[in-house]
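In what follows, subunit A forms one complex with subunit B and a second complex with subunit C.
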Partner chain A sequence: MNRRSLDRAFAVVGRELNTVVRTRAFLALSGGFALVVAVLAWTAGAIGYVPLVLDLLTPVEVLVPALALAFGYRSVLGDEERGELDVIRTYPVSRATFVVGVYLGRAAALLVAVVAPLLAVALLVPAFGGVGTQVIASHGATDSPLVYLRFVALTSLFALVLMAAALAVSTTAGTTRSGLVVAIALGVALVVGFDASIVAGLAGGIVPEGGLDVLLALSPNSAFRGLVLETVVGGIASGAPAASPAASVVGLLGWLVGALAVAVLTVWSGTRR
Partner chain B sequence: MNPKHVLAVVFAFLLVSSASFAVDVGAQRPDPAPFSDTIDMGMTAAGTVQARERGIEIPRAQVFYSQYRYVVGYHGVTSLVDELGREGHARQFGVPLTIYVSDYANAQLQVGDDGFLRQPDDASAYVGWVAAEEAYFVVGSRARTPAGESIVPYSSKSAAEEFADEYGGEIRRWDAVRSMSFGTGAATREAFQQEVTSRHSWADERVAETEDLLDRPVSVVVGEDAPTLSAAVEAAPPNTTVRVPPGTYDANVTIDKPLTLRGAGNATHLRGDGNGTVVTAISSRVAVADLRISGVGGTLSAENVSTERSGQWDYRVQLGYGYGDAGVTLDSANESLVRNVTVDTPANGVVVRWSQHAVVDDVRVNGSDNWQEGFMGVMVMRSQLVVQNSTFVGGRDGVYTHLSDGIVVRNNRMVGEEGMRFGVHEMYTSDALVANNTVSGADMGVVVMTRPEGNLIVGNEVRDSYSGVNVGGRASYVAQNVVVNNHYGIEAPSKTSIYERNVVVGNDVGFRASSLIPTNLVTENDFAANDEYVSSTLGPLRVWTADGRGNYWSGAPGGDTDGDGVLERSFHPSGPVDSRVDEVSGAKTLANSPALSALRALQGVVPGLRPTGVVDEAPLADPVRPAVVAAETGGTNATETNQTGGAQ
Partner chain C sequence: MTDDTQSGSEREVSEGRNQTQVLEVEGLGHSFGDVDVFSDLSFSLAEGTVTALVGPNGSGKTTLLRAVLGLLDPDEGRVEIERSPDSGRRIGYLPQSPAFRPAFTVEETLQFYADLLEKEVDVSAVLDRVGLSQVPDRRVDALSGGMTRLLGVGQAILGDPGLVVLDEPTGDLDPRMTEYVFDVVADLADDGMGILLATHNLTGAGEADDVLLLDHGDVVMSGSPADFVARTEAEDFRGAFLELTGGEEGAVSIGGADREGEAVGETDADGAADSAAPSAGVQAPGGDDE
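The block that comes next holds the complex of A and B.
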């Protein structure tokens, strides 16, 4: 990518950011996510960062895919329906440049919406005051803000992967309705479908137990969950490892690259008009 | 909006947060805490007090756990090793991040003839701390602690070898020491049950031994062979019976030989002059039976007593509690018997001090209406005896025990008509059996204070009191008790104790988990119709489940689809929703929502870092003792169904 196409990509990023900021629905969704996270963290009354991660893990796993798909599924689809895509194709911008630009713009917006509330609720932990007695000597155990930062970093990676998937949905779908259907189907598959299939496979004996951590890496949600349990809670809880971190990271990156490739290939076909 | 800035900020955040993976959390070793600031484990209060008074050195340890925020201090490296091996320990505390043990490299330790470690009175000698992985432990030497075998840690190998050369033993590293076992931990459920049986049969033997005191031949009949009670006691040869026919007698008599003083029941009335104790026995094998006593003096704590025991650490307690006025006092009267005696008293009913293997049986003590003005039904001072089948009405405590290890208190009734302090009150008393007593109207039914160990509190029934059963100390067994209509059903400041098969019904708060360190095993108890199932204000989240079985909580939501007797949904009796399922309509519906289930799913993973509370991961589908629960919640008397064990 040369200097000129980089500038073009930034132009696309800027356009996407403006779109996101001007869309009230996105602001409402982000606000809703922030509210849910805040309420959960408040009611959990977490006196440590590790418990807070455990309290937020399941909600994040469900809400971040929903948020990503909502942010992303119409990104290219909308341009196409309004005919703007045809206009854009008259500019000297390649498919890859356009897709990367759209992706970076939307992903940046999503990251802000996800990361900001997560970082904010971390402040509740010191506010809840920890151990509650001065008489007995206390210490931090393995709890530390660092493990919470790990959780936020992993959530960011998870959000980036999901945004790529949402973009792929947006470029492949022909109409808003089909885009919506595919997005919902993908959301359900992410949250329930992939893991349920793995459970079914285990129960049916199709999946050997030895291959479980590799297989889990193929499902973004399981890969994310495994990484969190292993790197955040892993040093604390004993027993078998929660996941293979390497396989999980490879799985997530595979989804990221694969989804972006699908988006580049399907954003428009043939040469520039 | 400049996209480059936004992207730069996002990218920078991702870079910085990724760096958190490069840092090893918890790699830094914390400094040792002052031992007095740690949570105290591993020895009784009497043990540590005595050790301090006698200058005995007990090797200590302190542990920083991965999942527990308080530093835990252990008296004795052996007790640390045993506790680390206890089932459920890692579940609640996580792994030890750092362990420090006493470092005697600069202490110039000596082992005395009694086997105890002592530090010379030398300003240059001091005890430090050393990390366990870096220490050299002398195992199997002559050194002992009051609790048993001692392990002596050193930071330097040469100092350890020097000690081992002089006092025996071999040197081991932490990994080897950690896998050992020293038997200082709590007993298992089976061992406790066996202990209950054996304590009962020990008491049966004591009762049988004193039985023949009532078969002694009659030598003197008061009023026929001697004019007064004192004259009769003086005239009677040892090992005979002084008979006291019906009538009222002026008493205040001292029995200084093995003699049986026997009346004709309530018709025989010994009347004191309102000063001091009415009948005092200062010889072994004295029996006082079948009579009624009144006119007891009103002194609760003796002021003009001094004994040759002033060197003992509890001397002030001895004087403060052991020398008040009583209907009958047994003083150094081993194997004596008080049976079928009724005492009206403003002070004690019976005082027993330094009298081993005595028996107090079928006694009735009518104490003061207002407990602040009275004293104990039976006041036991440093005596291992049996108190059974007796009734205590009013007064301060039904039975008070001080340093009376192995005492048996069973089948008694304590009635606080106008109020009473405690039904059974144990101080510095270990290995006692308190069984099948009934208490009502007291501040506390059965209370164990001052960190003793090995107490068995079994089959008692406490109603209408402020607190039902309150057991402190460690390694104790609280089972089969029924607590109904109290403010607190059960209070548990204890450590490493077992609470099982208790029925907790109709209390304001069913169970008060008041220890900072969650080491009690609480399973197979029945909770029904309490305003609040449990309360805890201290310590982390407690997990009340063992071997896949928890407790029965009436109204707990969830189903048992696989028929294993355990609900599939975990129960959080201190939680905002679950704590109300039994009373607030709609709470049950909310409790079954998927949202709540999803949130609760990971709650039990790091209990040590959670806010305080209780979680039961395998609540029982049915009561453990259905008949008792049904009778108590139905409001009928369940006395018949609550008797457990009894005299075996």
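The block that comes next holds the complex of A and C.
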């Protein structure tokens, strides 16, 4: 990729980022997420970093997909409906450059909305927390800021995966209505559908318990939860491993790459003149 | 359009020119299912000329433009476009209803598109070229329809593509803005661009260098507006068009079907409005266009 290609990609990134942050929906949704996180952290007492992670894990699993789909499902679809996508195709910009630019711009906005509140509430622990903290975690059982930062990093990866999925929805949907329907269906499937299917499979004997860790890695939500439980909470938790960290990472990266590939392949077809 | 214009049913020869061709269409054919949109369509377009694509709704104009643009892969035939050497953009495009992200300003919008090119472009010069230099900081959602159209024209000519495709550049515009847009189009051709525009505005089409009359995917006739007049012995291009298409005021009969209120009906409205438009004092948008 030469300098000018990079410039083109950054132009798309800047356009997307500015588009999202200038909308009232961004302020409302990111503000709502920050408020939920703050209230949960405050009411839980912020007695430690790992307890804070446990308090935030489920809300993050639900709200981050909602934010990602809300910020991303119309990203390309809006251009297509306005006719701007046809115009963009007359410029010397490749499908991959355009899609990656859209993705990075939208993902940057999403990360700001998600990461900032998570980092902010972490300050409650040393300020009002009931236990002492250590700067460096010497092993997994230590409750420390680094453990919490690991949770934030995993949440960021989770958000990036979901934004890729939202972008794939945007490039494959034909209309805003169908895009919205698919986005909502995907969100529901990710948050409750996949886990419910696994539970039903286990109860019915269809899913073998031995393959559970791999199955959990197939859904972004399950993979994220498994990674958090294993690498953030796992040290102080007891019992058998809930998920395979390696399989979960592979699962998340598979969703990320796969969704972006779908977006690149479906964003447009035909011959660029 | 030059002297190799032809269709499967008819071939018309217009006056030859020694200009570089910026567009060559040869044997183009496309169908949607069982419906043939057009077949065996061939024409070319030279630099510095305006070719108007006219015809009733459903005659295949937009599909032809999309095939030229590469937005649609035709079933058969080929489209060749001269490459713009510097900007990497060979073809500019103004959609029928241009729209942009509303929260951006005029300048930001054009700058985004300029950044997609392979060379840097002076956006303010383009704004000046289309008459929007007074409103660079105005948000897109605060623009009038005419100014949005001009922003679209500005976008279409970014990078000085050899060929510019304009789909209904004056649709829904008032007479004064319509005249202004056609003046801008003429200036672009004077600067060497080849312009292919689809329009229902017969007054504007009559000022083009060449006209391609489509009906049901066939080129009914092609040539200069003067050729149309000579062929039909009408008084002007508008009369020639009506005669060739069998149209009357408010209704058109082409291919045996009456089409109330379709193309020519709209054209007549435009044409009548144009004839009433002031011939002078067309103000560059940005003033009181809203």
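Assume the second predicted complex is superposed on the first by the 260 of 273 C-alpha atoms of A that agree within 3 Å, B and C clash if a C-alpha of one lies under 4 Å from a C-alpha of the other, contacts with A are read in each partner's own complex, and residues count from 1 in each chain.
Quick note on the criterion: a contact is a pair of C-beta atoms (placed from the backbone, for glycine too) under 8 Å apart; a residue touches a chain by one contact, two chains touch by 3 or more.
Fair warning: this is a prediction, and the values are worked out from it, not measured in the lab.
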#### Entry: Joint occupancy of subunit A by subunit B and subunit C, clash or fit
fit
### Query
Does subunit B (first) or subunit C (second) touch A:I206, or do both, or does neither?
neither
### Task
In the overlay, answer first, second, both or neither for which of subunit B and subunit C A:V188 touches.
neither
### Arrangement angle, subunit B at one end, subunit C at the other, subunit A at the vertex (C-alpha, nearest 10°)
160
### Task
For A:V233, select first, second, both or neither according to whether it touches subunit B, subunit C, the two together, or no partner.
first
### Message
Quick check for you: in the superposed arrangement, does A:G48 touch first (subunit B), second (subunit C), both or neither?
### Response
first
### Message
A:L111 in the overlay: touching subunit B, subunit C, both, or neither? Say first, second, both or neither.
### Response
first
### Task
Please work out whether A:L40 is in contact with subunit B alone, subunit C alone, both, or neither, and reply first, second, both or neither.
first
### Query
Is A:D7 contacted by the first partner subunit B, the second partner subunit C, both or neither?
second
### Most subunit A residues touched (candidates subunit B, subunit C)
B
### Message
If we overlay the two complexes on their shared chain A, which of subunit B and subunit C does A:N18 touch? Say first, second, both or neither.
### Response
both
### Task
Check the residue A:D143 against both partner chains and state whether it touches subunit B (first), subunit C (second), both, or neither.
first
### Task
Please provide the least distance in Å between a C-alpha atom of subunit B and a C-alpha atom of subunit C in the combined superposition.
11
### Query
Between subunit B and subunit C, which residues of subunit A are contacted by each of them?
10-11, 14, 18
### Task
Name, in rising order, each residue of subunit A that touches subunit B in their complex.
10-11, 13-14, 17-18, 21, 40, 43-48, 50-51, 54-55, 57-59, 62, 104-105, 107-108, 111-112, 115, 128, 130-133, 135-144, 146-147, 149-150, 152-153, 156, 231, 233, 235-238
### Query
Within the complex, which stretch of subunit B touches subunit A?
1-4, 6-7, 10, 13-14, 17-18, 20-21, 23, 25-26, 30, 33-34, 37-39, 64-71, 90, 94-95, 97, 516, 538, 576, 598-599, 601-603, 605-606, 608-611
### Task
Report the residues of subunit A in contact with subunit C in the complex, numbered from low to high.
4, 7-8, 10-12, 14-15, 18-19, 22-23, 78, 82-84, 86-93, 269-273
### Query
Tell me, which parts of subunit C touch subunit A in their complex?
68-73, 79, 81, 87-93, 95-101, 103-104, 108, 112-113, 115-118, 155-156, 159, 161
